[in-house]
Amino acid sequence: MKKRVGVGIIGSGRIGRIHAENLCRHISGGHVVGIADAVPEFAEQCAEACGILQVFPDHQALLGHPAIDAVIICSSTDTHAAMICDAAAAGKHIFCEKPVALDIQAIDKALEAVAAAGVRLQVGFQRRFDSSFRRAYEAISAGEIGDCHILRITSRDPQPPPIEYIRKSGGIFLDMTIHDFDMARFLVQDEVEEIQAFGDVLIDPAIGDAGDNDTAVCVLKFRRGAFGIIDNSRKSAYGYDQRVEVFGSRGMISVGNKVPNDAVVSDDRGVHHPLPLHFFLERYQDAYREEMQSFLDAVLCDKEPEVTGLDGRAPVLMAHAAMRSLAEKRPVRLSEIAF
Amino acid sequence: MKKRVGVGIIGSGRIGRIHAENLCRHISGGHVVGIADAVPEFAEQCAEACGILQVFPDHQALLGHPAIDAVIICSSTDTHAAMICDAAAAGKHIFCEKPVALDIQAIDKALEAVAAAGVRLQVGFQRRFDSSFRRAYEAISAGEIGDCHILRITSRDPQPPPIEYIRKSGGIFLDMTIHDFDMARFLVQDEVEEIQAFGDVLIDPAIGDAGDNDTAVCVLKFRRGAFGIIDNSRKSAYGYDQRVEVFGSRGMISVGNKVPNDAVVSDDRGVHHPLPLHFFLERYQDAYREEMQSFLDAVLCDKEPEVTGLDGRAPVLMAHAAMRSLAEKRPVRLSEIAF
Amino acid sequence: MKKRVGVGIIGSGRIGRIHAENLCRHISGGHVVGIADAVPEFAEQCAEACGILQVFPDHQALLGHPAIDAVIICSSTDTHAAMICDAAAAGKHIFCEKPVALDIQAIDKALEAVAAAGVRLQVGFQRRFDSSFRRAYEAISAGEIGDCHILRITSRDPQPPPIEYIRKSGGIFLDMTIHDFDMARFLVQDEVEEIQAFGDVLIDPAIGDAGDNDTAVCVLKFRRGAFGIIDNSRKSAYGYDQRVEVFGSRGMISVGNKVPNDAVVSDDRGVHHPLPLHFFLERYQDAYREEMQSFLDAVLCDKEPEVTGLDGRAPVLMAHAAMRSLAEKRPVRLSEIAF
Amino acid sequence: MKKRVGVGIIGSGRIGRIHAENLCRHISGGHVVGIADAVPEFAEQCAEACGILQVFPDHQALLGHPAIDAVIICSSTDTHAAMICDAAAAGKHIFCEKPVALDIQAIDKALEAVAAAGVRLQVGFQRRFDSSFRRAYEAISAGEIGDCHILRITSRDPQPPPIEYIRKSGGIFLDMTIHDFDMARFLVQDEVEEIQAFGDVLIDPAIGDAGDNDTAVCVLKFRRGAFGIIDNSRKSAYGYDQRVEVFGSRGMISVGNKVPNDAVVSDDRGVHHPLPLHFFLERYQDAYREEMQSFLDAVLCDKEPEVTGLDGRAPVLMAHAAMRSLAEKRPVRLSEIAF
């Protein structure tokens, strides 16, 4: 077993910067060899901020460096699948941000490249590494609540993204609900067979004009019988709302929001608890570190990552089923989309 | 304004007994003149237990008594509509347990009789009088959470009823979800346009053999755009689960379960809070008193009751839409069922 | 065993009225024969409001009525001890509001009269019948938290009483902390040996001018070693604060405040829970009924009441120890006051 | 303003290691030049684990290094005061673990040395940097709860330390309550005038044999009138209990325990919340980083640290007053100990 993984980072946007900082400062077992970005100045800024010694002119140059064992793909979504193919061809282990791609064929091609190269691939569903969701997963695995009957996921953002972003996002199911689709599979530990989706524009007509919805509900049916209910909103007045509840034959596990402190004020108007942590960067700060640590550990120990390529594929399939269900106003089986 | 309402009680089963005790002991403004039951011995037992002086041989005898201003109909569901018609014909004000009837035509006929007689009718949706749901209603009315976007109702029983009961119940939507359908309308303060229902047998195959489901999910679409999600289970290991959450443009209001005490034990295994109150008799003990007080107040003050005949009709319509949706696996508009 | 206890009520002030209503409406096993008050018109008003048939000109007339088995003494504190003696002499069972008297000699004389007459005496420490404190008592009795090490009682009123009341109250320890002294003995299930008291005027100088404190802290030392800490304030901005926590060798039990509903509002300023129930009439509404039911049950079953005469004596002794401790700025043993 | 502070670490025990890791990995603005320890092998191990390049043979060698601007003193308590004097003489800014010394004269001498040298000194009361206590401090500063009337601090350890440690610790007040004394001053933002202490051996007789108590209660009286109550136990079955509550004229702020996750399990036995984080290393993990960041910021910006030398002195004075109070069974004014 190697002692440290040589890491190359591809992409230095918001999420790339987070992974870079975590790899450089908070995580052990890795060593950032260098970074590349489609806009080289961004890579340089990130390198300077994090103390990364080398900036590559492009991802191919990075992939050619022998000290790099693994790459962290944080470039724009439309490049993920091709980057995976290139990295696999270069024999590098791969951590790729979600989604792997917006269409299933591109994902399948990337997964084939990974399999052919025999490298490791982990997909960036960081919520699985949140301590509360992890505790729920373990409680369910241990049978604490028996068989799963009803899953409820509430996932609401504090603010909608810019309309420009929404236009390119692939729609709420591929952009936002995809995390919840992953959480559903992760917690229920079963595959979804059928989805019925509902959606509307209740917050901002401009989102509707961009062809998307800002409020959505999905009902999932799992193979072993459980129902899953996901509700999404692009705008929650009280901030980022990320709760999950799994009801089973022997009990229930509920995950509440994470708060910045445990101080409660009582005055003549009420008893006031703090609002949830602002958004995903705050709520999942520790989870981002845990997922990257887990990836490095998988590479170092030569074991299957905790979030596999198939885990990256399934939620995209679910998003496509949800889109078709919404369009056709009927439940859609995942097998109608792809196998 | 009269000072006291003369009350006659029709039916002395479990719920009739509760109303009798409340009217005789805990509520002011009423005076129980007498009681009748299809099984006269039951009426006698109840009369003795509650100190009711008169037992009528049948409901017609009771309706003929001049000191009775109002009747409380707690007989079996299949008799409700006819009882309403008879009571209206006798010029009595009416409190009737839910559901008014299982079919819409019978309800419409009863409501017409009430209208023709000019008497008051209140339907027994006691949950509206629970202090927590009442607080939610008032917060929403006052605009505290803005426009409603997503309503979530969780309603789970501690134990399924006997199979014999299930066979006659009209099915989970008419028997159990009907309360949640009412709560949805009460809180969102809007009418439902369309329902999609899902159901399965996850708890007891005997329930499936009886032609019913033990686990169900309904997605409602309200006229002004809000989504409603109801999840039901016939068996919750941790007891009666009655929670509601309304998410709006300016905030959220959440109603948690009611507990028997506020004592929390911390030991080496965790921090343990009490289970919810066992079942509806405990959870809604105060609500049953409040609803009856409200009915007496409406009669005394000659004003519209807080839960009207139309409030009794709408959830039955919703249950029928849910049943059709489940059968046909598609969203069903309420206008397909009746107007 | 008799089926119903004939009850006479002495005193029709605020607390007398509560007991009268509870006995007339909410509690079984008793029958209110009549009522007396030093101001007969007050007795008449109460009798009319509650439907009590007989108003006695004075307590002696009431005590002479043969249908009265038990009396409820709710007259002013300075009359309690004499009333107990008279009632005992008349062979009536006695429920007496707290405190039995402000001085120990008067209490001892009353308890002797009760013992000599062989009647039952229950003292009005209603908090023992609150479902949460009762649960704590039972958990401690059952050994759930092991041996008691540290007891904390927080007891704060929403508003100070009128200065006129404070002048006659006997001081904060005899008027307010007395309930907490009782709670301490009840929960720890041991006797207090020594008390150190602290007090100050932090809320209203007029309270200081009246010779009292509005803020107080007592540290108790129990025989088996536990420490007890009581903090009191005459004015809590967020309302009536009645919490208890017992820390033991195996865990802790904490009793929180009772709230009017379980609805929580989240908005852009925070997550807002309801304030506690306003004051003792609301917080202990059910406890008042439970204590009276318990008294009637003790009389009917001829068994020792749950709160005895000695339970009425001990907190008065503790209050005197606290007063001396405060005056002399040192810990005072209860044996210094009386045996 | 310099861009980075050159740091030397003196002491590589448990707490030294934490500061070393934080300085090397999680905090910006500092650069660890080297480390020294009375046992050089310990310094070497720590240096290797954290990637510190230089190990000094002793603290004098470290103090002589020109690239070192500031030292972190984590050596044994009995050396703190002398180390401060040496570091001040060498012109280094100083972060010193608590307590500065067990006796006041030694502290005063160290503070004089610091003043004479014109260097910065921060004392290691990390709890002030916990996000919840910080929020409480800010709420109180902002007047959210008005004037402070009653402060309650509960501070209980999961397990007693080894008897050997207890023997050298200076006693529970200097070893454990000292943190709570600091918290009391920090939150109430006033000085304590008088202390009454209580203590007993309720957990382990061996602690009594070592001349110490394992359970203690202190009542503080602040200059502006507030009362403070601290309760300590060396052994809490449910883990590390670190709660604070400040009650004021306009409201209350309560700080609860920090938990490892927000997952709650409901089953047929209850509703189970997680236990608090295990002990101070877990509970104050972030606080340790914040305090060190704050120290570096103070050095970089040439401003007074947030926890000064006088903040290090006051709790030691309070501990001595508590010890005398316990011995003499009377309230002791701080002015009796020293000015």
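We just call them A, B, C and D in the order they show up, numbering each chain from 1.
The definition used in the following text is that a contact is a pair of C-beta atoms (placed from the backbone, for glycine too) under 8 Å apart; a residue touches a chain by one contact, two chains touch by 3 or more.
Please read all numbers here as calculations on a predicted model, not as lab measurements.
**Student:** With centres defined as the mean of C-alpha atoms, identify the chain lying farthest from subunit B.
**Tutor:** Farthest from subunit B by mean C-alpha position: D.
**Student:** Could you tell me which pair, B-C or B-D, is linked by more C-beta pairs in contact?
**Tutor:** Of the two interfaces, B-D and B-C, more C-beta pairs touch across B-C.
**Student:** Would you kindly tell me how far, in whole Å, the mean C-alpha position of subunit B lies from that of subunit A?
**Tutor:** The separation of the two C-alpha centroids amounts to 43 Å.
**Student:** How many angstrom lie between the centres of subunit B and subunit D, each centre taken as the mean Cα position?
**Tutor:** Distance between chain centres, rounded to whole Å: 58 Å.
**Student:** Express in whole angstrom the distance between the two chain centres, defined as the mean CA positions of subunit B and subunit C.
**Tutor:** Taking the mean C-alpha position of each chain, the two centres sit 39 Å apart.
**Student:** Could you check subunit D for residues that touch two or more other chains and list them?
**Tutor:** 145, 237-238, 250-252, 266-268, 274 - these are the residues of subunit D that touch more than one other chain.
**Student:** Sort out for me which residues of subunit C touch subunit A in the complex.
**Tutor:** Within the complex, subunit C touches subunit A at residues 237-239, 266-275.
**Student:** Mind listing the subunit C positions that touch subunit B in their complex?
**Tutor:** Subunit C residues touching subunit B: 25-26, 131-136, 139, 144-145, 250-258, 260-268, 274.
**Student:** Which residues, counting only subunit B, touch subunit A once they are in their complex?
**Tutor:** Residue list for subunit B touching subunit A: 145-147, 149-150, 152, 154, 156, 196, 198, 200, 202-203, 215, 217, 219, 221, 225-227, 229, 231, 233, 235-238, 241, 247-252, 329-331.
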